[in-house]
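You will see two complexes here that share chain A, one where it goes with chain B and one where it goes with chain C.
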Partner chain A sequence: MSVTTLPSSALTQRQQSWLVRLFDYKPFLIVMCLAPAIGLLTVFLTYPLGLGIWLAFTDTTIGRRGVFVGLENFQYLLSDPLWWNAVFYSVFYTAVATFGKFALGFWLALLLNNHFPFKSLLRAIVLLPWIVPTVLSALAFWWIYDPQFSIISYLLVDVLHWRTSNIDFLGTPWPARFSLIAANIWRGIPFVAISLLAGLQTISPSLYEAAMLDGASASQRFRYITFPMMMPILAIVMTFSIIFTFTDFQLVYAITRGGPVNSTHLLATLAFQRGIAGGELGEGAAIAVSMIPFLVFATLFSYFGLARRKWQQGEAND
Partner chain B sequence: MTDAVAQPSAVANAAPDTMAWDSRARRVMMIYLPLSCFVLILLFPFYWMAVTAFKPNAELLNYKAHNPFWITSPTLAHIKHLLFDTAYPRWLKTTMFVAIGSTTLSLFASTLAAYAIERLRFRGSPYVGLGIYLAYLVPPSILFIPLATVVVQFGLFDSPLALILVYPTFLVPFCTWLLIGYFKSIPYELEECALVDGATRLQILRRITLPLAVPGLISAGIFSFTLSWNEFIYALAFIQSGANKTVPVAILTELVTGDVYQWGALMAGSLLGSLPVAIFYSLFVDYYVSSLTGAVKE
Partner chain C sequence: MRNDITRRDAIGLGLSVAAFAATGAAAQAPSNIRVADVAAPSLPIEKGASLRMLRPVRFVQPDEDVFRANAKRFTDTTGVEVKVDFVGWEDINQQTAVTANSGAGPDIIIGFQDAPHIYVDKLIELSDVAEYLGKRYGGWLFLADKYGKRAKSNNWIGLPFGASGGPLVYRKSVLKQIGYDRVPDDHAGVLDVCRKLQKVGKPAGFALGNAVGDGNGFAQWLLWSHNAALLDADGNLIINSKETVAALKYLKELYPTFIAGTPSWNDVSNNRAYSSEEIALTSNGISLYFALKKDPATAAIAEDSEHQFSPKGLAATYPMGGLTLNAMVFNHSPYPNAAKAFLQFMLEKEQYEPWLNANSGYWAQPLAAYADAAVWSGDPKVAIFKDTMKNEYWDGYKGPISTATGAIRADYVLVQMCASVATDAATPEQAAAEAERRAKRYFRR
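Moving on to the complex of A and B:
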């Protein structure tokens, strides 16, 4: 590499002040360039991550330094039905919402991959739910789910006459759970669709032509070309989606705050309620830390599960 | 889900021009109909937000006499209430300040980091890149409790400055990742030429690499701006006083009061709070989509 020869030539060519020379000294420059990013991440990410794990083993509250209490917080959580409830709903929420987002997002990506007028405009419009602040669109959903003035109830009852009474979206546990999942899917579709669309566009049309010459049907082309070719991108997008759905906070906090009767608490909202609102920092941190094993497992599962399928596919085709 | 089953037929249309037998009616059924359903559902909440924001209260709560999908006598009362009777302008200003501050900070940090990782190749640079990227996978929901104690230790609790310093934790990894990809696409020969001509490293960065990377910087900037505008959990946990809140937090905690919700004002606030990002985004939508898709392709 010519890089290594440079500093010496630059030195001989010109008389430079020591400051300029210092900034042209590669190791120094590398350290200087990395310092802001690494510094910020260390102070506000790595250190808090470690601190959070430490806090989970203490009984710290707001305004009082805690002492080490071992596994007490976790033992308490294991006997706490609310925590189990939050675990159940977090897993359920992630599974159903991820499935919905990917089924509908993949479909939307396939639709957007066609040729039609105003394509780029449509693509921009479709991203809107992802762009605007989640809390603000969550407020719109809250209003849409209003027990008395819900527009969906109005449509079903007064316009279509399919039902006789308004739907109680957020008043009882199961409807509330599904309402939140629907809002999450609505918010997640654009990102999935646009990312998968990028993947679809990298698939060479010649593969489809070859398959069609061989007489493959539309469903076979999807099954044996589109799907395997999309596997790597699916794996990445799904990993991201699972992580950020599992740790979701805003939607639930904005629409139900965990209610009715704590049935829609996710681990993140429960951690907030106990840790910040309730002041039990240690317990809140323990709830947050209890998310880590699920996240690691989900990441490994989605990433390696999907990546391995891709590898097997390649093996079978060879 | 039946939707997923319907995909294969949509794929048939994905291969351009090869479907000569594809009739017009079939195309309408398979593409335009589902597509318009998607657009309708994805946009409806925004339409509903806008309609509610400009509706007088009498119409808002009486579906029998007024068609809820339309406004018979639009009013600016909700927006007027929001701008003059609440601290909304102040929240907007705080949010703007925080978003611009954290965007600047993270662009600065991640440009330098991406340049060092991609162009000043050193032993272990791929690992540093991977480490920064992994930081993106740490969700804020795990960090906010310990970060709150860190913010208190630094004496920054209830100050917008705390948000400016904390937001880079999720902005820097993303921007660095995006800019590394962008720097890769700039031919290295250009820098070599400058090196031969005796330019220093910093001169090269300022005069050659950065001007060429402007589209990448713009998209990283848009991402950072929208992400910090939309951020919620840190702003909720670290800011206590009503005046220092950001728009998303303030609408939820300051405007939602009592049992009777002021839906008109709430929706007007949501609409106004969404507009800056929507406008910002629409100005640079091409950069945005291409960088999003580009980043995924990496």
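Moving on to the complex of A and C:
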């Protein structure tokens, strides 16, 4: 009896102590705890990104494995006026839309920061354009901009008789470009306004009281208290906003598909058009990769630039 | 049992009377299809065979019902289980690509026109079945022959199941008002009609935007009717030619007569503009007519509408193509004989004729004998679609069909060449050169 029980209990004891020792070992614990996160990041972020970058250096098409072609795709893009056109419009779209979103969004945030009846309800309603799925709002704008059935044309022509013909929003390059920017601004304002509103509410009222005692006017209070105090959050929100705008796809693809005659292609829509519809996966990947430098630059600019105290306060750092 | 449910469903869904009548009639009426007595190829079906196939989704419900019933009949006669999946039109190309590259998945895919030519290395040859069907049913029509055979050979790599055309559709009363019975076949006549239509406030409208079907259809008509083409018979790029420039110069005169906004049109825009009586002339598939006819509010417009072949211009035959369904069998299938036998079975009279009738004109037959099917003797406005597969133009005309010809269609190279001239963004010469530059990129290998 005793002979049979003794070795088994000794075994479990030894096993336990081995397991306990293992779990007390810090490096092992670190690896164990990080593995799921690293695994997820590798599978769902690093691998697709790496694959995309690799594809950009091959001539892969849908239906055929490619071979490494070095910089051939990028050389072609540099000679392709349509790519340059997309670069121009991506930068223009991002710049104008971001400016519009921040000007109107900041204004809206200041308004919403006042006390008025049904404050919370109105703040919730303001978020609506942001909450609605982009494709739905894009379809709504597609109807608003329709050459034949636009509600705006209907009002101006049939109701107010200010015009005799419909407005051709999307049929010529510049009106189409600005129409898309307007749609993007409409969609982006709530995000900016609510984020900045959160920032406004962190500014201590005592600062304003002190300024008022010193006799500061409303515009001076904005210039010397609100604006500098908002700079850090402006930097973050702007970084996000620039990234979202520069990589926008759904609005443009649903409303114009890059038309008329490619004048409204963003880099993201051009990458999709060439890579998936046209089947040139390698070239599409190269267009997508060509967005990275712009995004890195925009991020660094707003993150480091706008967050610097020198910029905020007009003094030297430290 | 199955048929009963189908019919009740069809009524419940409120589908067009024509479609219902066609399915109902096909079940009872004796067939008019003439059949030659030809020995079928010997296809011993593999033991334990089962098949999976993909095809594009239906236009009308009876399409799917009859197709499934036919597949079930194949299972009943041969014991081979067939699983049919219906895939959205936008997705079928990508799913075909994955199937071809991974060497796994469905045994059979019914894709669109150029698909078998793109994946030719991954397919098995279907010549025995195709030749048998051709002899039995009066021969394959031109487009079927073109899309079915590998370029410059007699080897069949696809079995076309049907095609859908996009002729002109116009308002009879408006044309009468400007003194025409139909749109003339010459370019000057077309221009005159469009100018007069514009004067009476019911202009023409053809898509010049990024519309895969309508945009390419118009651009191709413009080129082909001027004897311009993307490729010559050997596959050399000839898009930058004096014929193309002449076509674009003609467009420059024609475009101002269109309704405003066509450079931003997509595939549904002309349907909407025609249905709301903003335009009196456009080109479209049969779906527009059926949609108008089905809705009581627009039935009068359908009554006043007429189809006609796209004007010949300088071309010898009507410069039109057709969106073609093309079936292929992958060489990774463990049951190639069963797959071939299935496709042959589906194209035999007992199965194909009811299916053709169930489609009420959306698809036109690839085999000559099916011209006598009941569907073409019903509504006279549908009859014009009967000969869609006799059209002698295809994507990549007059060259071999390849990956690049499909990509040029999908990337709107020809549409944008036309649109850039129409909107004054480029001269005809510049636009033709730019189209050549973009096409060269796709043809670089």
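Remarks
As a convention for this text, the second predicted complex is superposed on the first by the 263 of 318 C-alpha atoms of A that agree within 3 Å, B and C clash if a C-alpha of one lies under 4 Å from a C-alpha of the other, contacts with A are read in each partner's own complex, and residues count from 1 in each chain.
Just so it is clear, a contact is a pair of C-beta atoms (placed from the backbone, for glycine too) under 8 Å apart; a residue touches a chain by one contact, two chains touch by 3 or more.
Since the model is a prediction, treat every value here as computed from it, not as a measurement.
Shared-chain residue A:I276: touches chain B and chain C both. Between chain B and chain C, it is B that contacts the larger number of residues in chain A. Within the superposed three-chain model, A:V192 lies out of touch with both chain B and chain C [touch as defined at top]. Once the two complexes are laid over each other on the shared chain, residue contacts for A:T256 go to chain C alone; chain B is not touched.
Looking at the shared chain after the overlay, A:L55 reaches chain B, while chain C stays out of its contact range.
Applying the stated contact rule after C-alpha superposition, one finds that A:D168 touches chain C and leaves chain B untouched.
In the superposed model, A:L111 makes contact with chain B only, not with chain C. Of the two partner chains, chain B is the only one that A:I236 touches; chain C does not reach it. Of the two partner chains, chain C is the only one that A:P147 touches; chain B does not reach it. Shared-chain residue A:Y76: touches chain C; no touch with chain B.
Touching of chain A by both chain B and chain C, each in its own complex, is seen for residues 146, 149, 276. Within the complex formed with chain C, the chain A residues making contact are 59, 61-65, 76, 81-82, 145-149, 165-166, 168-173, 176, 256-263, 273-274, 276-280. The part of chain A that touches chain B in the complex is made up of residues 1-3, 6, 9-10, 13-14, 16, 20, 23-24, 26-27, 29-30, 32-34, 36-38, 40-41, 43-49, 51-52, 55, 60, 99-100, 103-104, 106-108, 110-116, 120, 122-129, 131-137, 139-141, 143-144, 146, 149, 151, 154, 158, 186, 189-190, 194-195, 197-202, 205, 208-209, 212, 218-219, 221-223, 226, 233, 236-237, 243-244, 247-250, 253-254, 267-268, 271-272, 275-276, 281, 284-285, 288-289, 291-292, 295, 299.
By the touch criterion given at the top, residues 93-94, 96-97, 100-101, 118-119, 208-210, 259-266, 269, 272-273, 276, 278, 403, 406-407, 410-411, 416, 419-420, 423, 425, 434, 438, 441-442, 445 of chain C touch chain A in their complex. Interface residues of chain B, counted against chain A in their complex, comprise 1, 3-4, 6-16, 18, 31-32, 34-35, 38-39, 41-43, 45-46, 48-49, 52, 60-61, 63, 68-69, 105, 108-110, 112-113, 115-117, 120-122, 128, 132, 135, 137-150, 165-166, 168-169, 172-173, 176, 192, 195, 198, 200-202, 226, 229-230, 232-233, 236-237, 247-249, 251-252, 263, 266-267, 269-270, 273-274, 277-278, 281-282, 285-286, 288-289, 292-294, 296-297.
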